[in-house]
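Presented sequentially are two complexes of chain A, the first with chain B as partner and the second with chain C.
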Partner chain A sequence: MRSAFELDNVTKKFGNATALDGVTLSIPERAIVGLIGRNGSGKTTLLHHVVGLQLPTSGRCTTLGRPTEMLGSEELSRIGVVWQEGRFLDWMSVDQHIRYVSSFYEGWDVVREQSLVTRLELDRKAKVGALSPGNAQKLGIVLAVCHHPKLLLLDEPMSALDPISREHVLAFLLELLHEDGATTVISSHVMRDIESIVEWIICLDRGRVTVDSPLDTPQDRYNEWVVTSEQPIATDFEEPWVLSQRTNEHKAHLLVRDAADRVEWFETKYHVDVQSQPMNLERIFPLLHQHNA
Partner chain B sequence: MSWGGALYRLLRRPAVLAWIPLAGFASVSAMLAVAMVWLWVDFSLPGAARIVANLAFGDGAPMSVLVLAFSTMTGMFVGQAIKELQHCHFSWALPELRRRLLPGALLVGLIVAVFAREILSGVALLALAILQADPMRYLLAFWEAFPPASVGLAALAFMAFWIGIRPSLANCVGVMAPLLVSIPLLENAIIAHPLVTVMATAPLTAFLIHETFSVGSARARPFIATKTLTGGGQRASTRTRRRGAPARDAAWRINYLGDQLINWLRAGAYENHGFRPATVRIASILVAAVATSYLGWRVLDVWWTTPGASYWNVYGRALPGRGGYPSLSSLVSTNSTFIAVSLAVLLACYASISLSRRSLYPLARRQLARIEFWGSVAETLIICGLMIAVLIVFWTFMPLAEPGAWRRELGGPYGWMALLLRPLATVFMLTPIAQLFRLRYIRGPVRWSMVRERISVIALVLILTYVGGSIVVLSYYVLPATSLLGDVLLFGAVGLLFQSAYQRLVEWHFATADLV
Partner chain C sequence: MVVVIDPHSGVPVFRQLRDQIRFQIVSGMLATGEELPSTRALSAELGLNPMTISKAYSRLEMEGLLEKRPGLCLVVRELDPEDIDTRRVAQFRDSAKPVAAVARQLGLPREEAMRIFAEMLDGNSRGKREERG
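Take a look at the complex of A and B:
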């Protein structure tokens, strides 16, 4: 399968600070990818490299088949981006801004635009500079998707949205993904937002990729064990794959890694009952960082 | 916090370290440009060019302008510190903050007004005296004029300090521009009547002080997250429209931009200014009025009051030994250069038509470079057009004063074109420097703090204006009078050479730099 974008050993330095450190990635077309990482881990810098706004200090970055420093009108008009901090022309009204950005693209979908503006309850007459952060994000989404992009990059697209708008945006994104078949990268701190959409996960930590796998993989690797016993549980479990534990007299909660086939062995060794439960991404995320996958 | 503590908080900050070299660099560079011209004047230039140089740079004008610019810059710096302290999130927890900041700010203002006037001018004059190999005459003139002459200019500098503190840059430029351009004319009056000057500036100064520290003013802008002195962020998307700023409701009428250069230039103009022909017209008329009146006053002053230009005024003391008639056309040319270059630099920094970095345009870096370059050329042409208009207006009323002499001076029906050539060629040469500065820093990937940016812009305006003036003065010495065609070919070629170099630099920037 062709790649929507590839990074080959990309390093980006700003003075002495290293924002990306030897990042190698390949995102296949039509994939839906969650990009997760702590503040300052390099997520936005990575997205800047994908669209060619920043150039690597070393390494090579290719998007839609072209080196990013050579991206032309044809490729860039197939990319849609929602930036985390909202980059707008403050003096314009929402309507002016939409009309202005629509003129960049030949195939602007007015029907989609109208539908989205209505669903997201955007006031067309409002001044962009006076929009709340949530409404600014909604505007960013409208501007990013109405030209039917083949590569959609969403940098914290829902961080400022209220729960109802978040629902609307999520529902719309699912529709969009089916309709356009766009390769989508969603960067987010709010794991529960992206968990229901993404099928692949990339985790960045201090500019390095620590996880690059299907979403199922970390969910398979990390589990929560609820350990019960009729006898008091007095032991600290010292197995290296036990990442953390919370124990009271007859019950313990363990977070374990790569331990799916160790349940019986564990029950026998400690004379306990173990119930293994899956963990959501929200809970796995800190573990990915603490233990570097 | 005591008032001493408040003063400490005002001044003890890392931005001081950035501000001092910037202000120093601007002042020294500008003075160096002037000093170089004076050096040429005394040792090399013959009659007409010498007089032009004297009248353009002489009369203590550059130093007075520097004093005002220095005071305004300091005011902007202190004003930013006051804003930070008054309007930051936790300032409500600091009791009596406004009252405690006032004495500190007053003290800084007084120090700036008095010491800037004396120290800055003194150091500059000393440098000139050494360059001129005649230090005693200059130092004597300076010290003799010291006490009375200083009071008036210090009052003006004190007002400039508060203008820097309180209003926005636009207001600041609006008030300071006529002050700066008229200082050569006003200086004698200010020196002769210091008390009148103090009384004249006192009301505005008092109003500005009251506005800065009044409760109403503080409440009008409560607890906003201000731009920091050391960090960027003034262009945060959450910024709301400034109070009183006009709304721009122009509709965008192009359905599809495609890859046509002209469409993208229009897009840049729309992004930056909207389409507000009425505002553009008013701004043009205002600029033309200020420029024309300045040119008019400057030349009429020379024409009527100094036939033979037999004295040279240094801080209230007329110095003998300079004679000859000025060349009117070269004088107009030099002064036009001051106006054209300063206007060009300001417009290039703040009123450009280049595309912002707020959208992901479907344009290759190569296309972005092309749009940036031709947008810059369009800006330069607009500035040149404005200057042509100003000079033509000036030219039409000038014959009323002295038709015969004016026609002789112009040298025939096409002579007026010669007036335009050298200033416009200078604009073509120097504007790209400001445009490159804008590209790399003002709109560059690393956001500068507001104070750093604005002080840098003022510094750039000062330096390039004086450099431009020097180029024109020296050009009248090196090439006193060629044919019109010769001038067109020569200065056109030099202008094109600079533009061509700028084009290469823009292409290099877009090929290699981060765009956000």
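Take a look at the complex of A and C:
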């Protein structure tokens, strides 16, 4: 499968600070990828590298088949980006701003534009500078997708949206995948926003990739065990795959990794009952950082 | 076909989908030969990534519950009754396991637990009879 973009051992330093540290990634075409990480983990810097806004200190970036230092209008016109802090011309009206941006693209889709403006309930007459953060994000999304991008990068695109607008945006991203076959990368620290539509996640921690896998993989690997026993539970469980534990006399809560096949063995060894429960991304997230899975 | 997905439950979404469709096939809610919605239609309906849907479908195909028809639509395969019985038992076993664990944890005497369970099995059908009557 061809990749939409690749990073090959990319390191980026700003003075003494290392923003990206030996990042190697390959994002296949037509994937919806969640880029997750805490504030300052390097998500935005990574996206800057994908579009050539920043160049690596060492290593190589390739986007849509071209080294990013050589990206030209042919590639850039197939990319759409929504930055976390929208950069707009505040004195224009929403409509003027859309017309202005559309003038840069040959294939601007007015039908899509109209449908999105309606669905997201954007007021075309409103002054851009007076938009609420949520409405500014909606404008950013409209501006990024009406030229049918093949690669769409969204940096915290839904942080200011209400739940209904968020649903609209998520549904629209799926349409985009169907209609344009767009590869989409959504960065977020709010797992709930993206859990329903991403199929692949990349987790960054202090500039390093700690997870690069299908979303199902961490969900399969991490579980919470509720351990109960008629006898008092005396011991701390020493198994290395027990990541954390809270124990009182007859009950223990364990967070475990790769332990799906160990339930019966554990029950026999400690004379306990185990109920294994799933954990969602939000709860797994801290574990991905602590244990560099 | 009605399925309800909770993307935040922690259970991989393709598995929720697979389990619910499997349940509907084994219980007969989805009849032999019945056509499943296309990946794209279901993706739009549930707001899920199409890859997730095709993953669930392909697992069910591998399990022998679904088959591709010419024109590439997926339909419920004809299963032999013995196979259905085996699956029904396995399904019930999975669902009953946590209930048994709770009974043990509560220290409920075996006879008491069995009596309650029997009562519930009867109670539901009796309720229905009364409704009808």
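The definition used in the following text is that the second predicted complex is superposed on the first by the 290 of 293 C-alpha atoms of A that agree within 3 Å, B and C clash if a C-alpha of one lies under 4 Å from a C-alpha of the other, contacts with A are read in each partner's own complex, and residues count from 1 in each chain.
One rule holds in what follows: contacts are C-beta pairs under 8 Å (C-beta built on N, C-alpha and C of every residue); 3 or more make two chains touch, one makes a residue touch a chain.
These numbers come from a predicted model, not from an experiment.
The superposition on chain A brings chain B alongside chain C with room for both. Once the two complexes are overlaid on the shared chain, A:D273 sits against chain C while remaining clear of chain B. Of note, the Cα-centre angle with chain A at its vertex and chain B and chain C at its ends comes out at 160 degrees, rounded to the nearest 10. Judged by the touch definition given at the top, the superposed model places A:V94 against neither chain B nor chain C.
When the shared chain is aligned, no partner comes close enough to touch A:C203: not chain B, not chain C. Touch criterion met: A:L53 reaches chain B, while chain C stays clear of it. When chain B and chain C are set side by side, the one touching more residues of chain A is B. In the superposition on chain A, A:R192 contacts chain C only, with no contact to chain B. Once both structures are overlaid on their shared chain A, chain B and chain C have a minimum Cα-Cα separation of 27 Å.
In the complex of the two chains, the chain A residues touching chain C come out as 31-32, 167, 170-171, 174-175, 177-178, 192, 195-199, 215-216, 219-220, 228, 230, 273, 275, 277-284.
Note for the complex: chain C touches chain A at residues 5, 7-15, 40, 43-44, 47-52, 98, 101, 104-105, 107. In the complex of the two chains, the chain B residues touching chain A come out as 236-241, 247-252, 254-259, 267, 270-271, 274, 356-365, 367, 445, 511-516.
Within the complex formed with chain B, the chain A residues making contact are 48, 51-55, 69-73, 76-77, 79, 81, 85-93, 96, 99-106, 127-130, 133, 136.
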